[in-house]
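What follows is one structure encoded as structure tokens, with my remarks underneath.
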Amino acid sequence: MNVDLSQLTEWRREFHRFPEIGWSEFWTTSRIADYLEQMGFEILLGKQIINEDFVRGRQSAVVEQGLANALAYGAKQKWLDKMDGYTGCVAVLDTGRAGKTVALRFDIDCVNVSETQNPQHIPNQLGFRSLNDGFMHACGHDAHITIGLGTALWLSQNKDKLSGKVKIVFQPAEEGVRGAAAIAASGVIDDADYFAGSHIGFCADSGTVISNPKNFLSTTKIDICYKGKPAHAGAAPHLGRNALLAAAHAVTQLHGIARHGEGMTRINVGVLKAGEGRNVIPAGAQIQLEVRGENKAINQYMADQVMQIAQGIAIGFDVDYETEIMGEAVDMNNDPELVKLVEEIALAQPEVHSTNADYAFNASEDATILGRRVQEHGGKAVYFILGADRTAGHHEAEFDFDEKQLLTGVKIYTTLVQRLLG
Amino acid sequence: MNVDLSQLTEWRREFHRFPEIGWSEFWTTSRIADYLEQMGFEILLGKQIINEDFVRGRQSAVVEQGLANALAYGAKQKWLDKMDGYTGCVAVLDTGRAGKTVALRFDIDCVNVSETQNPQHIPNQLGFRSLNDGFMHACGHDAHITIGLGTALWLSQNKDKLSGKVKIVFQPAEEGVRGAAAIAASGVIDDADYFAGSHIGFCADSGTVISNPKNFLSTTKIDICYKGKPAHAGAAPHLGRNALLAAAHAVTQLHGIARHGEGMTRINVGVLKAGEGRNVIPAGAQIQLEVRGENKAINQYMADQVMQIAQGIAIGFDVDYETEIMGEAVDMNNDPELVKLVEEIALAQPEVHSTNADYAFNASEDATILGRRVQEHGGKAVYFILGADRTAGHHEAEFDFDEKQLLTGVKIYTTLVQRLLG
Amino acid sequence: MNVDLSQLTEWRREFHRFPEIGWSEFWTTSRIADYLEQMGFEILLGKQIINEDFVRGRQSAVVEQGLANALAYGAKQKWLDKMDGYTGCVAVLDTGRAGKTVALRFDIDCVNVSETQNPQHIPNQLGFRSLNDGFMHACGHDAHITIGLGTALWLSQNKDKLSGKVKIVFQPAEEGVRGAAAIAASGVIDDADYFAGSHIGFCADSGTVISNPKNFLSTTKIDICYKGKPAHAGAAPHLGRNALLAAAHAVTQLHGIARHGEGMTRINVGVLKAGEGRNVIPAGAQIQLEVRGENKAINQYMADQVMQIAQGIAIGFDVDYETEIMGEAVDMNNDPELVKLVEEIALAQPEVHSTNADYAFNASEDATILGRRVQEHGGKAVYFILGADRTAGHHEAEFDFDEKQLLTGVKIYTTLVQRLLG
Amino acid sequence: MNVDLSQLTEWRREFHRFPEIGWSEFWTTSRIADYLEQMGFEILLGKQIINEDFVRGRQSAVVEQGLANALAYGAKQKWLDKMDGYTGCVAVLDTGRAGKTVALRFDIDCVNVSETQNPQHIPNQLGFRSLNDGFMHACGHDAHITIGLGTALWLSQNKDKLSGKVKIVFQPAEEGVRGAAAIAASGVIDDADYFAGSHIGFCADSGTVISNPKNFLSTTKIDICYKGKPAHAGAAPHLGRNALLAAAHAVTQLHGIARHGEGMTRINVGVLKAGEGRNVIPAGAQIQLEVRGENKAINQYMADQVMQIAQGIAIGFDVDYETEIMGEAVDMNNDPELVKLVEEIALAQPEVHSTNADYAFNASEDATILGRRVQEHGGKAVYFILGADRTAGHHEAEFDFDEKQLLTGVKIYTTLVQRLLG
């Protein structure tokens, strides 16, 4: 294996062929582990990197289907055993020399999109379209895996030039901002002095690097489930405990959570399903919602209010309830020192013609949870966007990107590590 | 004092002249006590007959005004001292001979009505109109006091013909069904074998007695008060705890309490007041409501749901709350034996031409609480309506009634006691 | 064909074998028409008997599947053509002699139940279990069809003994009380002087006839659908029109419809489904509800309030809406003359040992809509219950009934017609 | 009269002595008119300067009391006649020479505060405390009137140095942002090329001028009134039309108005009063609310949603309704040219040591409506804050300000007019 575009392209196409949705990336993780093992990394898996209490939005049916698919597609049993049901891995490179620790993060899951059948679509032309029907690497995380592996390969070949440690996080379930919390809470990167992560494409074309995206929206995704008691709506309505009515009142209260004086908030109950039949007092109701805030504290205010309302309704309607956090992301401020460094490194690449330090991200990304974890432990963090031309928007069936940028990505990460640990 | 119409009329007019609203009947109670003392009764007052935990809808401002009025109008300090803030009294007659115990109940409060200035109105013609502006005995409780005193007088004069005991309850605060619960809960009539109570007029004319009114509506009157925290609605809405919003949601939940499969229910939030200014997150809210049910159990179901909702809202909106029962009445079934007896006695009076055993009351009366208390302790109870011609409906400014029926009332009660204890 | 138990049993088992759900009874109707044609009846179909404006709860997918099934199972194309998409038929017998008109009603649809695989179940033993998977004549409407056909056969053979007319209604979609309204509104039985209908079993065993069931609950089944506009919940919540929030508020208002002072009411929103994704302002919401009332007027009050609320919400939330009546039934009082007649006829049958005139039905049945239609046009109506032993409750997978009562049913109906038109 | 501090102080103390609340400033207006008449101005009053359709929050009881007070305090009948019920006036100075038109605005109403009885309070020491009990010039509008009159006096004495026109607006009812809309809509300053307004004090001390306050909050104050029909809550709840329940649901919907993707919003229902008695279906309900938005368009979005909800509720609950706009203010951007000019002029005064161009106002002020009106007609506008030391916060009972700044104010305004029209 050499760190060149041909190797990177090969990897990217391999992973593109078998996309796996969040928390089901068993084959993907196992394949990454295969390569990392070859490169000589220590590989952490399963509960070594996952704090089960912070696992968000992981459905057992998805996990089971993922395991079955992975085996069928050739995942090695030894990795599956170590994963113990949880996808993702962390590769550790210890130079043996005292120094700082750098954590890098690459996300590995796909989205629920059926890849286009358009014959002009490059994966169709070149024969690497998704084999996993209904799923597609339409957000470019196959690029992220690849850049992670390329960076790992270079590090394994250049470890003598470095001191300190590198931890490369291959994170599951970024879609729905579900995977980062469990990895952060495992403490696996609490010793990092530096953290870096990135996304490919977004609104930036090939040749550009956005060194300091701002306005990451903090968000929490929450499910509320009410369980009451059915009763005949004609004969004995007083014997029922009405979960649908409870849920409807919850919705009206949730949308009325007071605005926050210090910044923007959002609340959306996006899905509500309740009741089984017209003439039965409904015994069950499910609510799917999300809140957002201009920063982590404001978002937390919203999430706290949701929990309070969920409980009050349960008491008022005498129904049982459960709430589950299904995803979360926070805002993050890049450390200026690292922003400067990324800019310098990026502009040193001949194919990069410009950088942009003032760009509003206006979306959520759970790398922020990892970045802030490092910052809270005294480290520094940066998240940047690696420009790449795209054939369609992210999450669209015709999405594809300029594979040449894979190498640019690897060069930025490896130079960054060199500058920090060299 | 002789038990004749002239004495009864004199009493009635005296009490008519100084009507006092529920829980402020200090002068009225003191005057009743004066008479009872002359007749030789043991007189129970204050906490001897009142269980403070069950006092409903008693406002301190009303009590204070009542005390001041009573003193100004000549109430004796010794009675006020014994009352200890609580109006009403129970007169006990112990014959000294073993026997049953009979409890009779007469209510003594007035209503918030300004007496008509119509010169044709008899109290105006004969000079006994209300001196207490804005208050009037427009429900006929002055008649009830009088019949109670007349009955007491006869009993004091004929005690040798009887065995056992008689307890005559002069009950405060029947309007709003507020007074009976505290007297019942004091246990003062728990030893009664028989209970009788009545109302004058209602829909029955002079010469008629309704021996068995049915369909007493069970009801509970409840106040809910929410207390939150004010905040500037523009600058810091998130710092407020919104009592108005809590109350509004409470109202929407309260009106949605499930119907009861076994009988009629009612709920009405009749008054809601909240907030002080347009640009302040409202910190206070008051709700006045009532529930009803076809029987005591169904009414209790409604009241329980109200309490549950009140609490759930407080939790969901993080506001403090208080609920207070402001009044209550239950349904009651007359004991057939006593109904028969009342009919027999009534028809034995020459001026009574008919009785009616099948009449739907369709209203609430808190004598039912006392009647059921006696029934629950193994006794028997009856509530009847003493017909009397009226010049206007109850609670109207022109209300007056046929005073000749006062004597009929006394004859029925005294004969009843003779039959039960003779 | 002879009117004997063997013929009736054969018919019943034939219809049991191919049960069809409401508004899909294409084969059932076509087979009934086959027999009625043989007997010489005039047969009315499709829009001759259906007023499309009053068709309730008819889903096009169900209709299409029903048509396909019917063809596959051998329905004649000529009947399907005449049905024009609408199931059910009315058989007319005109004696040619002036006289009264009698309308009889038999319902023909099945329920969504999978027939038991218990080998003891008679249809399994004798080989006539449902061939239409997931559907079963578990309410006994196969008995109703059979009694209708038996009655028709006798009438065709005895028409010379009668004067006037007979109209036999084979009604679709009684389950969910959906079919009667459209037939009533077609006017096809507006000329009837007498109306009779019945149900087999229920709570009455073989040998009993309930001649005067009371307490039919009036009910209306309503669907409300809100359609708004999606928008990104983070970026542009103000551009959405939130159908889920509208529906939730509708639910809270619907459950708060004021009780009715003159009798019992019910409201139940049994099903609510809204929204597609957590981060999208929900653009669609479906509500399934029912209201009930102690009588037709009180039920109508409830239904009117529902419609008012549905509209108010649509305006307040700027969403489009549709309401659809999915079913309806009313209360009905049997005419005493016909009750007497049914009792007399029933008791004249040696196998009937008793009748019961005072039974609370406490459920809904849309024969009441047809019966009241006749009454409103000056005719008389009766609905009775034909006792029959059962192996399980109605709508249960093990339901079966005593087939001997089929003949009893035919005898009651034919004697009734003889007495009315003889 | 000379434009010196002694004259200004005399005026200020005169107006301080008789404060009048918004829309009741009859004496104040009449006194201003007296002075303007002496100075030779054309005086516009009543409907010459008020468009009745845009009058906000004007209560007839307040107007009547104001008129009575004004007469008693010596207002001239001729002014009251011309006012025709509407307070405020516009003084017009036409130089007779072609030129630009400048509009200046001074607000004249007081607040509902009882002036402190602290003997140290200067108005108490010097004998000019409020004679109008419960009302006080605690916001400093007595200063504004005075500066307006001082400016007028100078203009009348220096009109030969100017060309064009000056219109001096003495605006009623600024508190509650109620008065400006009606004056703007009258068109009286539509011909202005320049507009200037200001507030004394606020957060700026003597010697400072804030030349460019930002973040004026757009706001609309709205009252909603629902009128239903009473009914007995026990006997006939279905006959009521429940205004309280309607209002409660309105509140829950109002607080759930969707956040706006483009900027901050606020909603507060600050006051809700409904119902008369516990056992009566409530027939009336009053809601007082306010909305805010980061700019005029976002605030309008909020106000539009309020109106939509108010209507939807009325339809859903079959109650009558009225909405009334009780106040409004918008955001406004100062024109940079005028900001510069104000700074230059201010700093030219020896007593002014600094100006501040970057200050967040974070409150509402209805001068913005007049300023934007001028801008929309092609003119330029500026609003500044004239620093003045204060003894307590605005609207507090101990509020007083440094009277020396009155002269500074007059100098800034007169120099501004000179620069613009000189």
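Chains here go by letter, A, B, C and D, matching the order in which they are written, and residues are numbered from 1 within each.
Quick note on the criterion: contacts are C-beta pairs under 8 Å (C-beta built on N, C-alpha and C of every residue); 3 or more make two chains touch, one makes a residue touch a chain.
Note that the coordinates shown come from a computational prediction; the quantities given were computed from them, not determined experimentally.
Trainee: Count the C-beta contact pairs for B-C and for A-B, then tell me which is higher.
Mentor: Result of the comparison of B-C and A-B: A-B.
Trainee: Among the chains, which one keeps its Cα centre farthest from the Cα centre of chain D?
Mentor: C
Trainee: Can you check how far apart chain B and chain C are, centre to centre, with Cα atoms defining each centre and the answer in Å?
Mentor: Distance between chain centres, rounded to whole Å: 53 Å.
Trainee: Measure off the straight-line distance from the CA centroid of chain A to the CA centroid of chain B, and report it in whole Å.
Mentor: Measuring from centre to centre gives 68 Å for this pair.
Trainee: Quick check on chain C: which residues sit in contact with 2+ other chains?
Mentor: 234-235, 237, 245, 249, 252-253, 255-256, 258-259, 266, 281
Trainee: Once bound in the complex, which stretches of chain A touch chain B?
Mentor: 232, 234-240, 242, 245, 249, 252-253, 256, 258-262, 281, 301, 308-309, 311-318
Trainee: Could you pull out which chain D residues touch chain B in their complex?
Mentor: 217, 219, 221, 233-235, 237, 244-245, 247-249, 251-252, 255, 266, 268-282, 285, 288-290, 292, 326, 362-364
Trainee: Can you list the residues on chain D that touch chain A in the complex?
Mentor: 252-253, 255-256, 258-259, 264-267
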